[in-house]
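The structures come next, written out as structure tokens.
First chain A sits with chain B, and in the next complex the same chain sits with chain C.
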Partner chain A sequence: MREGAGPWLGAAAALVYVVLLAPVAVVVFIAFSADSFIVFPPSGYSLRWFQRLWAHEALMRGLSLSLMLAGIVTIGSLAIGVPAAYAIARAKVPAAGALKAFFLAPLLLPTLVLGLALLMALQPLRLTATLTGLALGHMVMTVPFVIRLMVTTFATLPDEVEAAAASLGATPWRVFRRVTLPLAIPGLAASAFLSFLLSFDETVISLFISGPRASTLPVEMVRYVEGRTDPLVAALSVVLIVATLFVILVVERIAGLARVVGR
Partner chain B sequence: MSGRQREQPLRGRLTGLALIAPALVLLGAIYLWPMLGLGRMAFNETGSTGAMAPALSLATFRSLFEDPFTLETTWNSVWLSFVATLLALVLAYPLALFLHRTQSRFRSLLTVLAVAPMLVSGVVRVFGWLALLGDRGLINAALMGSGLTAQPTRLVYNYFGVTLGLAESLMPYMILALLAGFGRLDRACEEAAATLGAPPWRVFLRVTLPLTVPAIVLGFLLCFVLAMSAYITPKLLGGGRVFLLATEIFDHAITNANWPAAAALALYTLVLVLLLVAAYAALTRRAEA
Partner chain C sequence: MEQPLAARNHQCALTRRMSHLTLNRLSKRYGETVAVADVSLSVARGESVALLGPSGCGKTTTLRMIAGLIQPSAGAIEVLGVDVTQVPAHRRNMGYVFQSYALFPHMSVAANVGFGLDERGVGRSERDRRVAAALSQVRLEGLSARKPRELSGGQQQRVALARALVIEPDVLLLDESLSNLDARLRDAMRLEIRDLQRSLGITTLFVTHDQTEALTLCDRIAVMHAGRVEQIADPVTIYERPASRFVAEFVGRSVVLPVERSEAGLVLGGRPVRTAHPVPESRALELFLRPQRIALAGPETEAGAHNRLGGVVRSHVFVGDRLEVLVDTQAGRVTVETSGAGAVAQPGDAVSLIWSPSDTLVFARAAP
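Moving on to the complex of A and B:
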């Protein structure tokens, strides 16, 4: 038997790639269409939908809200998740295992149920359709994610280095700042990247707790696509895909993508 | 030194508490409390005017189970999730096997490409399917352009479109689950079978496939649970003509503002998924024994 995959399997895989990537590929193609609706083949190609995009108020407002929200959620999730993960990984608290199970529990629930529960809890407090409410809602997902990632990161760090620093007279805080934290940078970069992306793309929870006063970009996109299908959303998608690729490249430089995906 | 050591346990415990307290308070407030509230909400009643009345009754559950529509949406959800997961498995399997076996130097790039759609917003991918399957979409344009059909074929805003879109959105998860499980696939077993004269299809059916059953079981379970609770894809590709538990929960909560009904249906769906997962686990365990 030959090494490798063989021609039949290769051909089958190529076909599956077509199915898998077709929706994204067609979106990129349509974004450059010159027509006012989706037509194949387009009568011409232009950048008019990209120009229209900047003038579309609702989508642009959604974009700036989503960017701000993702930034706040990322900072908040790291600030709350990293210390908790450190305490669990270094067993500085009793019942670390039970605590970890509690912290990771939201990841087991569908966002549909979490979103519904958040709507019912935040509405009486008048927090729906506010930046605070949306940030809290997204952190149900991102804080557990950061804790899971950082517990693994801290647990795989060699504790001899920390012990060495401590025995040389460094205070616990100094050990954490000068030894543990620098070693954990790939994990921290991955946590930040995934928190940002999770918050920026989060749709279901946002649909429950958004409102006319504050709607995130995915919510505005859902509303737009429900109403009509023209190349405007395609142009927006191309901008988002390019931005995601850019962020991936930056993370790759900092942390190494293989380590981010592998964990 | 001895004085410092004696105070260390208390200080250590206080530090630990200080480190963990923000996360405990936050998740208590935005996860535990809302989930308890959801459970409580299902036992409230809805008056004839549609206004919610605080109560401790099973009236909402009773009207849920008396409504034949509940059974219909349950069946729709289970069947659609099953077919979409099966389709995702059938499509993802050859791709995962290819990625597992290939010696190409682009192997890691190809793997990233296979799971990259996960990083693209679900709304964008659904929009892509609308552009492919719509009446003026690429497939209908090709069908009509080649003269095969005169009228556009309805490929979307029905169960077919939702199943296809859902299967595609599940594929990256299925590929990751299969790749993780293919680790135990021993090339030597396949080679031994081939050396002993088995034709390739027989090697696949008798050696490769049985060895990868655990990976299939895991990937199927993961994707089925994801499919049962998927909302965006059925909502946008269904166009209001596909009735699933997920879409009904959202409609109860937002469109009808009937929170007790939404909460009861959400609890019902959670229990249903748990029961199906337990039944599936029991079945596979018996099959393995």
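Moving on to the complex of A and C:
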């Protein structure tokens, strides 16, 4: 057998990548455009749209709110999702199977329905357009993801290893801290990464529960694009692409580190 | 060392009476499945007992209940007369060597072995000293910085053993720990474990489905079948005087022949046959013999008080350290084991099979 997939398959894969990535490449070109409107290819190149972006108050406020929100949502989702997943995976709660199904339900609902439901639930509590309300709204999305990922992570841990720790005198909490948690680092990194990106990216739910007092970056972007079409959003997209790549690299480092450490 | 015999006997009797680990009608049910049923066992201090039985007979379940990793459905576990049935695993002080070894993959060999000492709040220098001592006990001095996945199967097994021994457990529990190793390594580890166990005088329960392991490694054997203990005895008794048909079949090779009951006694292949052992009430009976306890002799040999069965040699099978001779008799085909030395009957020769009544066991025939 030949090494790899053969030239035809390779060429086909390359073509698919080109088709998929071409729009992204166009966005990158436009971001560095010197024109006042979206023209491809640009007639000249400059950093003016990045400077305009930096000076754009609403978008910058949206960006900082989104970053903070994503951080809070990540921490909150792990704090709720990890213990819940552990209890479900170890079947320490009654009806663990039913609970698992229940926690997965939000993943199956259209976000539009979820957004509306959240709006109706948060309004009486005066939590719409607040950081708390947005964080709660996003966690309805992210916690199920974390639970799902972590249940799988805990379920695939080597059998008997926790029992070994217990037989050596470790209390349940010490077993969790010294054995279970370190072995679950790759799953934890993936959960954190996913929560962060899901929250940072979330548009539909945010559109429902944002307001002038608290508005996330995607919501501000939608507002901006509604009014104008200039290369500013392209510049913003490039910033987001670079930031995402950076996060992926960091997670890869952590997960890779975990692999070096043991798994 | 020179103690009067009486005193020594007395001491012996004392330690025998003082049971270290006692299982009292221990049972475990999973819904309809009965994994372990009414297992009672008492192990003296320093004694090693094997739980021997086929796959799925409840050996691991028994061991896990003793370690506190599974809650029994009924029954009690006592250590030195104290009921520990409700004590959680981390307060039982039992060394458990798992079948999969269950080493902590993210920790070095030294950290694995030191784990139990950390949990007991042993200070750093003392811990390092004891870890080093435990590693040298299992001859792994140079490997303390390695990760488990950088070790061979035998080395992992020894780390698991050192990790269980270093906490100075009340009871050492070994679950099929040698079954993953190749034959030569297994033999070496068996001897090593037995020497360690004897020199430390540690009370040990050894789970295995390998009868050689049980026969060579342990003071007593508990043969398990379908969740129950069929017989508990020393290896010689288990082999020579199996208490049930199951034990006779499971431990060692057997020749099984149908035997009838008549007015005068038992009849095998049309000739009377004697046994020195009790015969069960059942009507359909079977005779069990160990193939190496049957002597081959000339066709007209006088058997005297021994049993005799005539037959014709069918074939030879050379099995390295012994020669198996297949003999067709009126009662059926019989395999006889000989050393292969001296004159051997050739295929077609008429021979007599001769064996002692004390080697003759009779059990009820198994339901077809």
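By our rule, the second predicted complex is superposed on the first by the 235 of 263 C-alpha atoms of A that agree within 3 Å, B and C clash if a C-alpha of one lies under 4 Å from a C-alpha of the other, contacts with A are read in each partner's own complex, and residues count from 1 in each chain.
The working rule: contacts are C-beta pairs under 8 Å (C-beta built on N, C-alpha and C of every residue); 3 or more make two chains touch, one makes a residue touch a chain.
Computed from a predicted model, the values in this text were never measured in an experiment.
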item: Contacts of A:Ala13 with chain B and chain C, given as first, second, both or neither; value: first
item: Contacts of A:Val250 with chain B and chain C, given as first, second, both or neither; value: neither
item: Which of chain B and chain C A:Asp201 touches, first, second, both or neither; value: first
item: Partner chain(s) touched by A:Ile147 [first = chain B, second = chain C, both, neither]; value: first
item: Which of chain B and chain C A:Ala170 touches, first, second, both or neither; value: second
item: Dominant toucher of chain A (residue count), chain B or chain C; value: B
item: Contacts of A:Ala101 with chain B and chain C, given as first, second, both or neither; value: neither
item: Touching partner for A:Ala117 - first (chain B), second (chain C), both, neither; value: first
item: Intersection of chain A interface sets (partners chain B, chain C); value: 172, 261
item: Footprint of chain B on chain A - complex, ascending; value: 1, 3-6, 8-10, 12-13, 16-17, 19-27, 30, 37-41, 79-81, 83-84, 86-88, 92-94, 99, 102-103, 105-106, 109-114, 116-122, 136-137, 139-140, 143-144, 147, 172, 197, 201, 203-204, 207-208, 218, 221-222, 225-226, 229, 233-234, 237, 240-241, 244, 248, 257-258, 261
item: Chain B to chain A touching residues, read off their complex; value: 12-13, 15-20, 22-24, 26-27, 29-31, 33-35, 37-38, 41, 91-92, 94-95, 97-99, 101-104, 108, 112-115, 117, 119-132, 134, 136-138, 141-142, 165, 168, 171-172, 190-191, 194-195, 200, 228-229, 231-232, 235-236, 246, 249-250, 253-254, 259, 262-263, 266, 269-270
item: Residues of chain C that touch chain A when the two form their complex; value: 64, 67-69, 88-96, 98-100, 102-107, 115-116, 119-120, 147, 163-164, 167
item: Chain C contact footprint on chain A (complex, rising order); value: 158-161, 163-172, 174-175, 178-179, 182-183, 261-263
